[in-house]
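The structure that follows is given in the form of structure tokens.
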Amino acid sequence: MMALDLSQNKHADVSYEEKERLFEEVKADERWHHVLYGCFECGICVASCPSARFYDFSPRVIAQAVSREDTDLIYTLMSDSIWDCSQCFSCDRCPRQNSPGQIITIMREVAVKNGLQTAKKALEGYGRIIYKIMSTGSQVSPDMLQPDAFPDWGTHVYEIAENLEEWRKALPPETLHTTETGWKIDKKTIIELYLIWHMTGVMDLIEGIDEGLFMILVDVMEERLEEAGYDDVTFD
Amino acid sequence: MIHLPITKASERHFKIDPNDAPVKDLREELFQLEKEGELEVIRVPDNHVELMTKYGRKKKIPIDKTWHHKSCGQCGHIPGYSTSIFWLNRQFGLDYYDPTDQTSCTAWNYYASATSNPEAQAAVAVRNFAAAHEVGYFPLIHCGTSFGHYKEVRHALVHQHDLRRKVKKIMERLGKKLVLPEEVVHYSEWVLAMKDRIAERQVIDMSNITATVHPACHYHKLIEEDAIYDSEIYGAQRTAIVTGTLQALGINVGDYSTWFDCCGFGFRHILVSRDFSRSFSVQRKIEVMKEEVNPDVTVTHDTGCVTTLDQSQFAGRAHNRKVGIPVMADSQMAALAMGAHPYKVLQLHWHNTDNKPFLRKLGIDVEKVWSEFQAEVDKIKSGEKKFMTWEDADK
Amino acid sequence: MANENILIIGGGPTGLEAAKGIAELGYKVILAEKRDKMGGTPVSAGYAALTPDMRDAGDAMQEMCDAIENNPDVKIMLNTEITGTSGEPGNFMVKAKSNGNEVDIEAGAVIIATGFTHFDPGRETQKYGYYEHDDVITIVDAEKLLKSGTFVRPSTGEKPNRVAFIQCVGSRDRQIGNEYCSKVCCGITSKQAIEVRELLPGCKVFIFYIDMRMYGYWENEIYWPAQEKHKVNYIKGMGTEIIKKGDGLIVKGEDTTMRRPMEIPMDMVILAVGMEPSEGTKQVADIFGVNKNKFGFIETTGGALNTVSTNVDGVFAAGACTGPSDLEDCISAAGSAAMKAISTIRKVSIPV
């Protein structure tokens, strides 16, 4: 477990202007005024936080850093700390009504949008999940239950993987007779999802994180969109 | 014993006055926006039950005409969870809808990776709500993550008119209306509302069972005012969800010192930083439950929680930790109590931690019921049957 | 000609002090009290010792009551609740229900001294389990225990070895809506901590706080002795949960000095519940058309320079009904209200 280095010299390679720009982007979020008020360092957020017990992570330090507008510290946290958060929102107990969890969500979105190296690193190994959710609208599918994907879940996963086809057919609900997605999703529904990704710029975020993944996804999506009659929808 | 001039906990009664509620009823603003033509509200169907929420507001829980918003993790990895919810509806002859015009809420990805933004998340939510409304049903949310997320989205759409404007435009492109449900209802609230009817039809005695309850963080910590509370349960100091259901089934619910703790799911962590999830759930939840209560089963009401608590115990065992508590969802427990087949309906073979001792304690012949399920699977393997049907499941 | 009676609503420390002062200046007082005895909250809640001077609360309140009992210029009306009013400064016609009977009270000026009530810990944002655990009590409960001389764990009746106080319960919280600081709880807690340490020298006492607020002489009269003489442990970090473990309790919090989550076993936890406007304060304010602030306390109109005038001429408010107050505030405000009430009558009586 690495100790969180909060010294001024961390990330000296990034310009102060760049750090400031990123913080301004965080503050410009429409949600900002509802997620950060002031902080009197009561520690309730830390006390209720699961990540604080495992990582050198402190929602209080994050709330203090943004309250103080300490640009260097904020950049350090945005790089090295925010991905430890478990997004459980136990910290919403804050008496000042801050939400360190949501402050982190916004900081993560800015990190992803700006393609920060540390964001890419944190999401390494997560690519196939992004692929699944973006292309099928279903995050984890039956066919992802493979032993090499979940070795620490034990020998049980072998049994599931071996019997997957039949076991999925041995499910009473008709919509669950699938292996590539959690349930049967209409083609039309997937197209609507692609249009949402298109209109909200989500694919740009993916491009910034993993260009290779972006290209594979875009191929699949544009092909299906074309089949459905949406040849004008492209993701470049 | 000395007579003390102060009360003990059993003599203290917490009175909730809805007029003292520190938050406004969101529905007031919701209906106001509807009046102004900003959006349309999906009303809770006539057949509903009212349950009390944290600050005394009564929440409407639909009983039928429910559109089942499925959970990707549930349907993907623990399909018996979803199956049990449908099974319960069918047992009571209720009119429910299992859609194929449904996407995942995509919130798991959002909380894990932030590779999305508020407009996309809100648009996905509204698209699903609109799909429910178009077929005349009311959305019932299967997953705790979806539930928490949809509550947030509904709040944001009511209070941020920029976001609302953007989402309305997207909906127009999709040929859909901007709709929001009157209430965001979690399926476990439906189970709780049905608990007495379920108990009436209970065929398996569970009075020899001790269980621990794990409430999902996104159910009761996110937008707290929406969670169900009950003066008779924990003195309305903690959410009554799941506990109320189990107590109605005659189960002894044991308390433990990490009741409020997260399970350690972490969204991203369970997939990519797994040491956190499995360490946290084993050390902070399972071991504590085992030491302080030693329950026969632990019951929760969310996909991520079932997954984390169940799957993490294997690694715990490999490290000789004191683990070994089977994990089930409240809907599975309710279905089991009503006589649902442990493998054909509950689909317990997808669960990891050994649940056979628990089934045996209930007097179930595990070998017999497993072979009944195997017989169905054989029919599918041989091509005699394409799928197992509801009728097969209840034979 | 103005009516020379001054109606004081509320027989707590504020009302008693105002009554005494007005009578001393030669004017007549009608003192209406809802309960069946005088003394206000210090008496009805059974306070043990006053903060900061540690004087016995019962004795102090008795002294205040004695000063106006059998005073020919003070008419005491117990079991009396105000139901309506009309009139103007110099001539108020107030309706009340006294011992079940409808009565009319004529007064030239009115002083509202209806005080506060203690926050109900069931409404607390954090998970303190007051309604679930015997050994979680409030500072009000603790006063009663200290007054009786038996400070023991409610669950077992045995003396505790480890006692914790948690500050700011029901105050300084945007989610509950009570954003203000209740002013007295840090002092009261520290005082109680000293009393526990004196009563039970073997018992360790902890105070979990966000800030320690003991202004003026409370700093050197209570805070420093608590730490230096009585070895009370002050830990900067709030508790978020109180959980039962085995026979005892655990306080979950963050020790912010050490920058880490902590779980500390305790035999008893005492919640420093804050002040809220009493039912009487809210009702009487509405009856007189007196403005309340967003917390429900009576709003005084002069900022720092006038702590007793309200938006209604001739109607004054003093003490805890205007906001969190300590005893010193109440006594001082009572004097200010008495002075202004008399001034009202004199202005109407003596034409300019």
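Chains here go by letter, A, B and C, matching the order in which they are written, and residues are numbered from 1 within each.
The criterion applied here is as follows: contacts are C-beta pairs under 8 Å (C-beta built on N, C-alpha and C of every residue); 3 or more make two chains touch, one makes a residue touch a chain.
No experiment lies behind these values; they were computed from the predicted model shown.
Among all pairs of chains, A-B has the largest number of C-beta pairs in contact. Most remote chain with respect to subunit C, judged by CA-atom centres, is A. With centres taken as mean C-alpha coordinates, the chain found closest to the middle of all protein C-alpha atoms is B. Between the Cα centres of subunit B and subunit C there is a gap of 44 Å. Spacing of subunit A relative to subunit C, judged by their CA centroids, is 49 angstrom.
For this pair, subunit A with subunit B, the centres built from the Cα atoms lie 22 Å apart.
The residues of subunit C that reach two or more other chains are 175, 241, listed in rising order.
Counting partners per residue, subunit A has 48, 53, 93 as the residues that reach two or more other chains.
Counting only residues that touch two or more partner chains, subunit B has 260. Contacts from subunit A toward subunit B in the complex involve residues 30-31, 34, 48, 50-51, 53-55, 83, 86-90, 92-93, 105, 108-109, 111-112, 122-126, 129-130, 133, 137-142, 144-145, 150, 152-154, 156, 159-160, 163, 166-177, 181-186, 188-190, 192-193, 195-197, 199-202, 205-206, 209.
Residues 70-77, 79, 82-83, 86-87, 98-104, 106, 108-109, 111-120, 123-124, 127, 131, 148, 156, 159-160, 162-163, 166, 169-170, 173-174, 217-218, 221-222, 224, 260-262, 264-269, 271-272, 274, 276, 278-280, 284, 311, 314-315, 344-345, 347, 349-350, 352, 373, 376-377, 380-381, 386-390, 392-393 of subunit B are the ones that touch subunit A when the two sit in their complex.
Subunit C contributes residues 125-126, 168, 172-175, 210-211, 236-241, 252-256, 259-262 to its touches with subunit A in the complex. Only residues 37, 40-49, 52-53, 58, 60-61, 93-97 of subunit A touch subunit C when the two sit together in their complex.
Contact residues on subunit B toward subunit C in their complex (touch as defined above): 1-2, 4-10, 12-16, 20, 22, 234-238, 255, 257-260, 292.
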